[in-house]
Every structure is written in structure tokens, then in C-alpha cells.
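Here come two complexes built around chain A, the first alongside chain B, the second alongside chain C.
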Partner chain A sequence: MLMRQHLPRVLVTVGVIVIAALIASLILLASGVAPVDALSAFWEGTFGNGTNAGTTLTQAVPLLLVALGWIVATRAGRLHVGYPGQVIAGGATATAIGLNCGGLPGALAVLVTALAGIAGGALWAGLTAWLWASRGVLEIISSLLLNLVAIQVAAWLVRGPLQGTASQEPQTANFPPSTIWPSVPAIPGQTLSFDVVLLPICAVIVVLLLSRTVFGFGLRASGGNGEAARWLGIDPKRGGVVAILISGGFAGLAGAALLFAGTAPWMSDGFEAGVGFNGIAVALLAGNSPVFAILTAVVFSALNVGGTALQATLDVPSSLAEVLQGAVIVLVLLAAVLARRRREQAPAPQPAAAAKSLALVGTEEV
Partner chain B sequence: MGIFDVAFLVSAVTIAAPILLAATGELVSERAGVLNVGLEGVMLTGAFGGYLVMWETGSLVLGFVGGMIAGLLFAAVMALLSIEAKVDQIVSGIALTLLGYGLTAFLNERFLVPARTFDPLPRLEIPVLSDIPVIGPAMFDQDAFIYATAILIILVAFALGRTTWGINLKAVGESPVSADAAGVGIRAMRWAAVLFSGLCAGAAGAYLSIGDVGVFREGMSGGRGYLAIAAVLFGGWRLAGLGIAATIFAVADATQLRLQAIGVIPREVWVAVMILVVLVMVLGRMRRGAGAARLASGRLTGIEVAGLASVAILLALVIVPPSITLPVPLWLAMPYLLALVALGTEGKRRHKAPTALAVPYLRSEV
Partner chain C sequence: MANRAQTPALRLSGVTKRFGAFTANERVDLDINRGEIHALLGENGAGKTTLMRIVTGLYQPDEGEVRMDGETIRFRKPEHALRAGIGMVHQHFTLVPTLTELQNLAMRPARIPWSNATADVRRRSEEIAATTGLRINPDRMVADASIGERQRLEIVKLLCRGARILIFDEPSAALSPGEWDELAALMRRLAAEGHAIVLISHKLTEVFAVADRYTVLRAGAVVGTGLVTEVTPDELVTMMVGGPVMERPARAHVNPGRPVLTVRGLGVARDPLDPKSPPALSGIDLQVRAGEILGIAGVAGSGQNELVEAVMGIRPALRGRIELDGKPFEDRTPRRFYQSGGALIPEDRHHVAIVSGMTLWENITMRALRRPPLSRRGILNPSAARGEARRLMAEFDIRADTEKIPIGRLSGGNQQKAVLAREFSGHPALLIAVQPVRGLDVRATDFVYRQLSEHRARGGAILLISMDLDEILALSDRIAVLAHGRIQGVVEAEDATRTRIGALMTSAEEAPCS
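So, the complex of A and B:
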């Protein structure tokens, strides 16, 4: 039963990955690189040894966190895209607080940076939520503009108030060692951070939250049908605001993870590195299923890490990964439509459900 | 005149034109019910397409044609996803933006390696009109793109307001069911509108790369596509409102360009901002005024209190101009912040969004 339920989704994902791989091979051939060479370089760079596998897994964490934020927000019907800005806001807040937490014992310092990240992301998302709920501004537009503002604010922070005194580079001072999130000592290079435990934990929390709690029911009701939600005594506006805040908290935590479990122990202005938008792609590829998103987050992380490896070994521009990520979303969207067409043809058609296809990404069951 | 001289006006017009053109296309597409959030990606592809063709042929005219074709192709993907596949328009817009960023960065890095810089569009002086002081050099000594934009906007205004085609188009966006019943082809209308927006955004993008700067840079549209979407919302889905919004964004952008060079904010900036705030408040009052009981009672709204407070602060700043220097990144954030404030204070819309905006049309609904 479970297998039959999930089979189409798995097929869609596998199909999309195969087509994306074909596109990648074509692009590689066009630019004069043998796909086989590229594949072996890609494998070596992503899972070939413990160090690289650690990097791949660790970099999947922020992607998954953003994806979970997107899943929660879309389930409540709020398609905002402010994740890059919230990642930056969360990371910057965590940095500002973490730089002053050198005296705290390790576990406490790590907790403080994580909470600061969540708070920063949620606050930045709060602007979008406020503009949407009380000023009636479309959340997608305000969040897009806030992303652009956040990029500039981060650029200012690392050149002004937060700039380290040691160098003239636009970056902060090194984080105090106690605030760095611990990593597995057995892996050479210490690339595997312990924050990979967030992958299953957060995914399960979101599944339980959405499917097993009254609160999650409220969120889904606000996203499904506002009128019906009101009849249930649920304020869809409140649900939307809370969902945007939660998604901002996830994105902010992702920002903290990028910095404190990352490769460099400082914040520079480009640290977000496309995680905000790629997280959305991760959620879409997983069909908005939190558990499945773990897998797709690892796939996307491998694309990023492998893209860098390809650039280093074969001189293929690493933006190839971005092309594939964009192509993957388009393919997923088309695949979802094809799947729906087939479902509609087989049993009796459901015009009511079909008419609500605006909520396509938001109403799938957990 | 200090910093607000003729050169300032010229640069404001140059900044406003591509935003205005892209926004006009977006307006047509939104009036037909398709919200193209991928505008940023379409603009970027247009910028790249123009540069690519120019790189190959060296012809400015062909370059613009190339930019428009690139925009058209990307818009066709958007139309395919939103009209034929009936995918959520916001999600497909995000996909387009990501794809645009990745694709243009990859192709530029891989295939157009020795970057070439071209001469920007030549200025064309219109004989008599360009002799008018102040307005003459700003409006009638510009390049062909700006004249073409002006003519196109007049044509669109005429088409939307005075022709059967325009009325049908608006009907498609308001009530596709009725339009369908009246024999208007919904799909054809929406395809035409989306493709038109692609042409406009592609040309606007080409202007950014080969028309203005003369070279393509990764992510060079820098949020102008988002500003164009914000202009449509702020402008209340009317061409006149669009003009006001684009003017505000362009003036803010031109001011920030000027002030970056000067450093200390001169007194006339405070005067200009104060005049602007007062003007907006007076206009707001007049708009709401007609027949409102609140006006008779003379009570101030919360926004107006905030406006008065900011006027008082600005007055103090005019009398005692402080030597404030803002770092460059914060100046860069200014147009986006202003767009957010504009959208936020606009608040509850005077003009409603097209009723069927972002809702796919399914014939079975009838």
C-alpha cells in the first residue's frame, strides 16, 4: 500500500534525474568534455571519499531546512520566496551574537547561535508577513524585494560594523572556537558536521507537525480553503502569518548552519550562495514531501559540490549546476502535470480538485 | 540645482526606460491573468541574447532582435507552463528565474570568453524639441530605445483602452468564463499577452547589456525585473500608475548613484524628500477624501501621523544638515526599500487586481 502510494512520485523523481543527466551530457559534449570523464570526476568529488562525502552531506542540511520552510509555508498557501533574504538575516544575526559568545561553554554557545539564526530569519520573514497580513502586499513581491535589501545589508555589515580587524577583506573576524558546530572527528578534514542529525529530525518534526497536530491542521486549512477555515473557527490570516514566520525560522537556521557548520569560520557577503532558491527546488523535486526532501537535498548538494569539482578538474564552469537545477524544476512541474493528467483520465474526473490547481503544490498529502 | 541637475534627469530617464518597458509587458500579461514572476529571468535572458548576437554579428539592431527573441523563447516556456500545463504561476516563475540565472552565467562563462565591450546606443537629437531647457536634453536627446519605449507605451495605452482587442484582453483577466462564453479565445489571448511581455522584457534586458553598458555581466539585471513587477502592483494595474512607480524607482536609483559619489548627503536631498512626503500625503487625502466621513471629522490616519512626524524630522534635517554618510551597499538597497514602502503605504488597493490573476482557466468550470 505504502509502496503503491509512493511509486509514482519515485518514478517522477528518477525520470527527472535521468532527463537532467541527459541534458548535462549534451551540454558537456557541446563544450568538449566527455560525459564519462565528467561522471567519474563528479563521483570522486561528491562521494568518492569520506572527506568529500562529509562535505556533500553537511551542505545538504541548509538546503533541507529551506525546503522544509517552503513546505510549511506552501501548505498554508503562502508562496513567498524570501528564503535567500531570511538565510542571510539568520546568518548575520547568528554571526553578530556568536562573535560575542566566546566565553560560553561549547554546547550552550552552539545552541545560542542556532537560536539566534532562527530568530533572525523569523524576524526578516516577519516583515513579509506583516506587509501581507495588514497592508495587503503580495507576499511574493515583498519577499523578493526584501531579498535584494538583505543582500545589500549583508554587504554593508561585513564592510562596516561586523568587519574583522585582522584583515582588510570584506569578512568578519573568525568565530570563537566554542561556537563552531562540532563535526565528526573520524572523517579526515572534519567535513562531516554533527548537524546532519537535523536532516531526519527536522523532516520528521515537520511531518508530525503538519499531519498529527491541531496546529498543523489549522495551517493546512488556512492554505486549502479560507472560507472553510473560517467556518472551523480558524483565522486563515493568522495561519498564513505563523507559517511565514516558521518558514523564516527554518531559513534562518539554515543561515546559521551555513556559517557555523561551514568550511570557513567567518561570514563574508556571498555566504548564502543560492541556498535560498535551491531549497525551493529541493522541495519541489520532492513533491513537497518532507521525508523525501532529505534525498533530494542530498542530490542538490551533490550537484553543487560536484559542479565545483568539475570546475577544478575539467574546467567546466560551475554554473552548469545552476542550469541543471533550473531545468530540474521545470521538468518537475511538467512531470507533475503529466501525472495529474493520467490520474484524471483513469478514475472519474474530479473537477473541483482540478479547479483548485493553484494549490497544486500546497495540498498534497504528507 | 546642486545634485538635481540635467545630468541627473538624463540618468533617471535612462534607468526608468527599461523598467517601464518590462513593466508595460508585465501589465499586459497580468491584465490577461498571467502573473509572470519570472520577469527577472526573462530580462536576464534578453540581456544575454542581445549580447550573444552582438558578439557574433557586431550589429546593434540584430542584437536587439536577438534579445527580443531570447525573451520571447523564455516567455514561451512560461506560457507553456502556466497556460497549457496550468502549473502554479509563482512556482513556474521561480523556475524561470533560476534557469535564466544559471543558463546565462554558464553560457557566458563557457562560450563568450574574451568579453567584448561595445559602444552603447547612439543618442539621437530631436531637432526643435531638444532645445527646450532642462526637459529638452533629458527627454529629446536620448537613444532610440527610449523613444521606442515611449511610442510603445502610447500604443499599449490605446490598445488596452480603445480597441476591442484590449477590452477582450481585460475580460480574459477579469472573468475568463464570461469571455469564453462571448467567444473570446482564452488561450490565444493569454499566449499573446505572455509572449508580448517576453518581447518587452527581452528588449529591456538587451538595453541593459548592449544598449546602455555595452557588455554582459552575470546577473546584471540586478532585480530590475522584480522592480517592474512591483511597479505593476503599486501602479494598481494602470499604465498611469506604472509611470508614477517607475519614476519613483528611477529617481531613487539615480539619486543613490549620485550620492555614492558625493558621500555626505546634501541639504537639497532632504528638501526633495520632504516635498515628496507632503505631496503624497496631500494626494492621498484628496483621493480618499471624496465623501469620506473621516475627512469631515478631520481625524488623521495612522499613516498621516507617521507622515507628519517624518516631515518634522526632515525639516529639522534641512535646517541643520548633519554630515551623514551612508555606506554604498545601503544606497544600493534604497530603490528596493522605497518600492517596499510604496507598496506598504499604498495599502488597501484603490484598484483591484484582475480577478483571474494567477488562476489557470479550465473550461470544465463553466
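So, the complex of A and C:
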């Protein structure tokens, strides 16, 4: 039963991967590299050994967290795109607090940085939520513009108040060792951070929140038909605001994870590295299913990590990975359009009044 | 002309349309002649809409053919049908409210993309006004036009584009009795000029008032066709439902009890954000008692929506007091309205009563879900909720294979039954029902009326708001007439006649709105 329900989505995911691989092969051939060599280098670089697999999985965590934020906000009907800004805000807040937490015992310091990240991201998202709820500013516009603000603030922070004293580089001082999130000691290079447990835990939390709580129910009703929700006594504004805050919290936690479970123990101004928008792609590729987003987050992370590996071993430009990610996003949108067309051909005595016009909002039943 | 009269304007023969395993139309034969009004009857889901979508080019038939003036036609998209002269007046208007009436008329694919059609359309609309008497108000925003005026604009739009076959999909659903009479006269005039008119309707009184011929569809197939003069209403109903519908039970006498809803001196501004805008309602005094149905009669746009929204707390009131179930009801919100014992069957089901993407059970339990026993401390109990939904599906005769189907896939009648199930399941003291049978077929209408009567018999209070005077007269114990935002009078059911109510509706045309 479960399998039959999810089979189409699995097929879509596999189909997208296969077509993306074909496109990659063509590009590789054009740049004079045998696809077979590239594949083996890609595999070696992503899952070939424990160290690289650890990197791939660890880098999937921020992507998934952003994707979960998108899923919650989208379910409430709030399409905001402020994830890059919220990742930066969360990371910067976690950094500011983490740098001063050297004296705390490890577990507490880790918890404090995580909570600081959540708070920072939620506060930044709060601006968007407040503008939407009280002033009627479209959340998609305000969040997009606040991304630009966040990027500049981060650039100022690492050159100003948070700049490390040791060098003149635009980056903060090294984080106190106790605040670094622990990693699995058995993996050489310590690349597998313990925060990978967040992958299943957060996905399940989001599933339960949406399907098993009164709050999540109200959220879905607000997202499905805000006016009906209002007439039925569910406040769609309250739901929308909380959904934006939650999504900001997830993005902020992603920012903290990028820094404190990342490769470099300091914050520089480019640390966000596209995670905010790639997280949206992760959610879309998973058809807005929290559980499938785990899989697609790992796929996206592998594309990133593998792209770097290809550059190192075969001198393939690392922008190939970005081309592939772009191709995947386009293919996913195409698949969504095709799936919708197929649904529309099915008999529908009453065309659903709320037929969504955006492929972006395609949702699954939790 | 004589030759034309013999060839039907539109002839469907053996038209079949399937969606997967489901056959929406099966070998339908239909002739529509010029100069006649042809009524197309059938229950919800009988295949009327699918058939008309084939005629207007939205769907292509799987089998059979469509001939227009004897020539086989095959439209690939609605634009082709319009060009050929087939136009449909939809139940939900296809107008842009933020443009003027003239701009709406001019909005069409032009042969020369940069040509300005406005002057041309203005001339055409004046020609139409001269021949049919259909006058529009070219420079008015569509948003400021009433429902009847919008419908008129839709018709002018089709005529402007040269439509000779006009299909009306339940045109009276939104109209007041007076507006309907006007439309009926217009349809006859159009037919007399040689247009072919198809009238899709549930209301037999309308069919007998204007139509020349009828065709009844049941389960996708034609079950009867003929001249309206040679058939009785009972025969038509039997054809539509496949068996006689039970008589509505005579209204049992119920002694009205305590007041359940009391409204005193309610005033509401037309623009909710601007208290200084002209009033939509002023000095409204109403009382609905337990075991009584208070009907609100009035033409559309007399302040009905504002009244419902103010009582619900969707729209702020300028002044006035409201008491609900014996307690003052201030700081109104929809949530408090329901908590205080209110329930609502709104007019605009798709917009405000259901979330079509969510399942049937979620829609049925949408309000109960937020209280024990279906949820505790914010955690839902989905299996209990589904069980409750299944119980209500049986009780309210909601036909669906499973409670997990998205409610948007159900027919309009079943959706309305689901709304009824949800609203009655909370045992409300007061039910506000606005046009509760709009767009429903005979059987579903009968069901809704029965439920309303039973609620009244159980001692519930009902505020019934409808533009259909027959509905108000048939169900209400007392009738308040609303016109221009004021209550023009309250009439006991025994004393109420169409003329008396109609007189009250129009009596205070010049009522000063202070």
C-alpha cells in the first residue's frame, strides 16, 4: 500500500537522476573526459570511502533542514524564499554566541549554538512574517529582499564586530573547541558529524506536526483555502506567521550546522554557499514530502561533493556540479507539470476549485 | 429561413464521452433549433456539464458527431466554438472585476494584435442595445455591478462576438425573482430573433415558464425529450431521478421558544476598512427564536452578505448589539461564533466552506477535530475522526467510496451534504443558512430542506437567507424583508404572499441611508 502510493514519486526521482546523468555525460564528453572515468571518480569522491561518505551525509543536513522549512511554510500557503538570509542570520547568531561560549561544557555549548541558530533564523524570518501579517507585504518579495540585507550584514560582521584578531582575513576567530559539534570518531578525518541524526528526527517531527497535531491541521487548512479556514474559525494569519517562523528556525539551524559541523571552524561571509536555494530544490524534488526530502538532500549533497572531487581528480570544472543541479531543478519542474497534466485527464466531476497554478505548491498528503 | 428551420442549428448524434472507466455521456442525441428555448435537465452529475463542454469545445467526444447547420464540426478549443457562434453563460462569471464593462467586452483575441477594439466594441454594444434592449454601463467597473448586471454583461459579451447559439448554465442561481423575470423575457426575445437557446436548470418552474422543448439526462444518457406543453412537472421529476421524489413533510407546528439570536440596531459600513463609507446595513433589528425559521427575503446585494459577515465576526460592525444563545456576543470572531452555539451553511461553498484539496473526513471534522474527543492537548486522533466522518457520511447520505477522497472530487450535492453534516454534528443552537440549495439537484435539495425542518423540529433556530422567494415562503415561520440595507418589515408565514413580500422589497426605494 505504502509502496504503491509512493511508487510514482520514486519513479520521478529515478527518472530525473537518469536524465541528469545523461546530460552530465554529454557535457563530460564535450570537455574530453570519459564518462566512465568521471563516474568512478564521482563515486569515489562521494561514497567511495568512509571519509567522503561522511562529508556527503553531513552536508546533506543543512539542505534537508532548509527543505523542511520550505515544506512547513508551503503547507501553510506561505511561499517565501528567504532561506539564504535566514541561514546567514542563524549562522551569524550562533557564531556570535558560540564565540563567547568557550567556558561551557561541550554538550551545553553545542545545544546553545543550535538554539542560537534557530532563534537567529526565526527572528530574521519574523521580519517577513510581521510585514506580511500587519502590512500585507507579500512574503515572497520581502523575504527575497531581506536575503540581500542579510548577505551585506554578514559581510560587515566578519569585517567588523566579529572579525578575528589573528589575521586580516574577513572571517571570525576560530570557534572554541567545546562548541564544535561532535563527529563520529571511527570515521577517518572525522567528517561524519553526529548531526546526521537530525535527518530522520527532523523529517519525522515535520510529518507528525503536519498530520497529527491540531496546529498542523490548521496550517494545512489555511494553506489549502485561507478564506475557508477563516470562516471556519481557524486564523490563517496566526498559522501563516508561525509557519514562517518555523521555517526560519529550520533555516537558522541549517546555518548553525553549516558552521559548527562544517569543515572550517570559523565564519566567513560566503559560508551559506547556496544552501538556502538548493534546499528549496531538495523539497521540490521530493514533492514536498519530508521523508523523501532526506533522499533528495543526500542526492544534492552528493552532487556538490562529487563535483569537487571531479575537479580534484580529473580537472573537470566544478561548475559542472552547478550545471547538474540546475538541470535537476528544471527536470523536476517539468516532471511536476507532466504529473499535473496526467492528473487533469483523470475524471473529475467537479474541477477542484483550488487547482494550484504553481507547480511549486504541489503537495503530498501526509 | 424556411430551410434553416428544418436543419437544426445544432445536432448531436451518438455523442459519447468517457473518462477512464467512467462514462459521462453515452450516445446522446440532441437537436437544438433556431428560435427555440431548449431546457436541458438532469441531476448533478447527470452529464449536462460534460455535454455542454463538448459543444463548447472544451472536451472532444470519444464517439459520435456534432453538426452545426448540417455541417460536422470538431472544435479543438473553446475559441473555435465561440468563433463558430456557440457561446456559454457560465454559472461563475468569466469577467475581470477590476476592468470596466467595456474593457471586459473588448478583451478577446484580436486578429490584429495591436488594434484597439474598444471603439468597435462600443459600437457593437450599442447595436445590441438597440436590437435586444440589453443595455450596459460601459464605463463602470465590473466590481461595482450587481450579479444580475454582470450576467447581462456576459450575455452582451457573447452577442458582441457573434454568438447565435447561447447556453445558459443555471442562470437564475444568483438572480432575484425580478431579475429572473427580466432574463426570461430577454431569452424569449433572443429566441424570437432566431437565436437558439439552451437552458440548463434545476428549477422546473423556470423550465415551464420559458422553455419550448426539454431533454432530460440521467446517468449520462437521454431519458426523455419532447415539448414542454406535453409534459407535467411530476413526469419530468420522475425522469430526472428515476423514481418519484417523496413529498416534503408538512411543516409541524412548533411553539417558538426563547430567543437564540437577537440583533439590535446593527449598522455596518460598506467598506470594512472605512467606517465613513456609506452604510451597507443600518438599524437592523432581528430576533430568531428556538424552533423557528426566520427567512430573510430580498434581492441580491441588499446587505445579506454584510449581515452574515457581521454576525460571524468576519466584518466589523459600526454599532449595534448581538446576543447569541442568551448571552451577549461581543468581540465577535468566527471561532467564538461557533463556540457560542452558531453554525453556518454559507452561500459560496467553494470559497469559504470547504478546503477542496483536503480529504472528505478532514472537511467533515474540520471543527470537531479541534476539541476532545477527536483531539487531546493539540494531538489529533485521526482514526477516531475518520470513524466520526464515516458515521456522518452514513447519516447524511454522503456518497463517496472512502472518507479519504479529496472533497473537491465529490459532486456539488455531496459536498453540500458534507457541509451540512459538519454544521449539524455540533448540535448548534443557531444555524445560518445562506442559499443552502444553490446549484443542487431535486434530490439533494429535498434532503437539505428535510434536514432544516428536522433541525427546527428539534428546537433549533434557523436564519434562512435566500434570493429564492419560493424557498423563503415554503420554509419560513416568519419572513423579514431586507432592502437597501434595512429591514422593511417582518411578516408572519400565514400572511405572506409573493405580492406582499415583493411590495416590501421594492417599497423603500428611496429609503434615506443615514
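The rule we apply is simple: the second predicted complex is superposed on the first by the 350 of 366 C-alpha atoms of A that agree within 3 Å, B and C clash if a C-alpha of one lies under 4 Å from a C-alpha of the other, contacts with A are read in each partner's own complex, and residues count from 1 in each chain.
Here is the rule we use: contacts are C-beta pairs under 8 Å (C-beta built on N, C-alpha and C of every residue); 3 or more make two chains touch, one makes a residue touch a chain.
Everything quoted here is computed from the prediction, not taken from an experiment.
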For A:317, using the defined touch cut-off, is the partner it touches chain B, chain C, both, or neither? Pick first, second, both or neither.
first
A:259 in the overlay: touching chain B, chain C, both, or neither? Say first, second, both or neither.
neither
In the superposed model, does chain B or chain C contact more residues of chain A?
B
Quick one: is A:224 in contact with chain B, with chain C, with both, or with neither? Answer first, second, both or neither.
second
Pick one for A:214: touches chain B only (first), chain C only (second), both, or neither.
second
Identify the partner contact of A:232: answer first if only chain B is touched, second if only chain C is, both if each is, neither if none is.
second
Residue overlap on chain A between the chain B contact set and the chain C contact set?
349, 354
For the complex, give me every residue of chain A touching chain C.
211-215, 217-218, 220-221, 224-225, 227-235, 345-350, 352-354, 356, 363, 365
Mind pulling up the chain C residues that touch chain A in the complex?
19-20, 22, 24, 45, 312, 314, 333-335, 337-339, 344, 346, 350-359, 362, 366-367, 369-370, 375, 378-380, 382, 406, 408-412, 415
Which of the residues in chain A come into contact with chain B in the complex?
27, 31, 79, 81, 131, 135-138, 140-142, 144-146, 148-149, 152-153, 155-156, 159-160, 277-278, 280-281, 284, 316-317, 319-327, 329-330, 333-334, 336-337, 349, 351, 354-355, 357-361
Residue numbers on chain B that touch chain A, as the complex places them
37, 77, 81, 85-88, 90-92, 94-103, 105-106, 109-111, 218, 223, 226-227, 229-230, 233, 327-330, 332-333, 336-337, 339-340, 343-349, 358-360, 362, 364-365
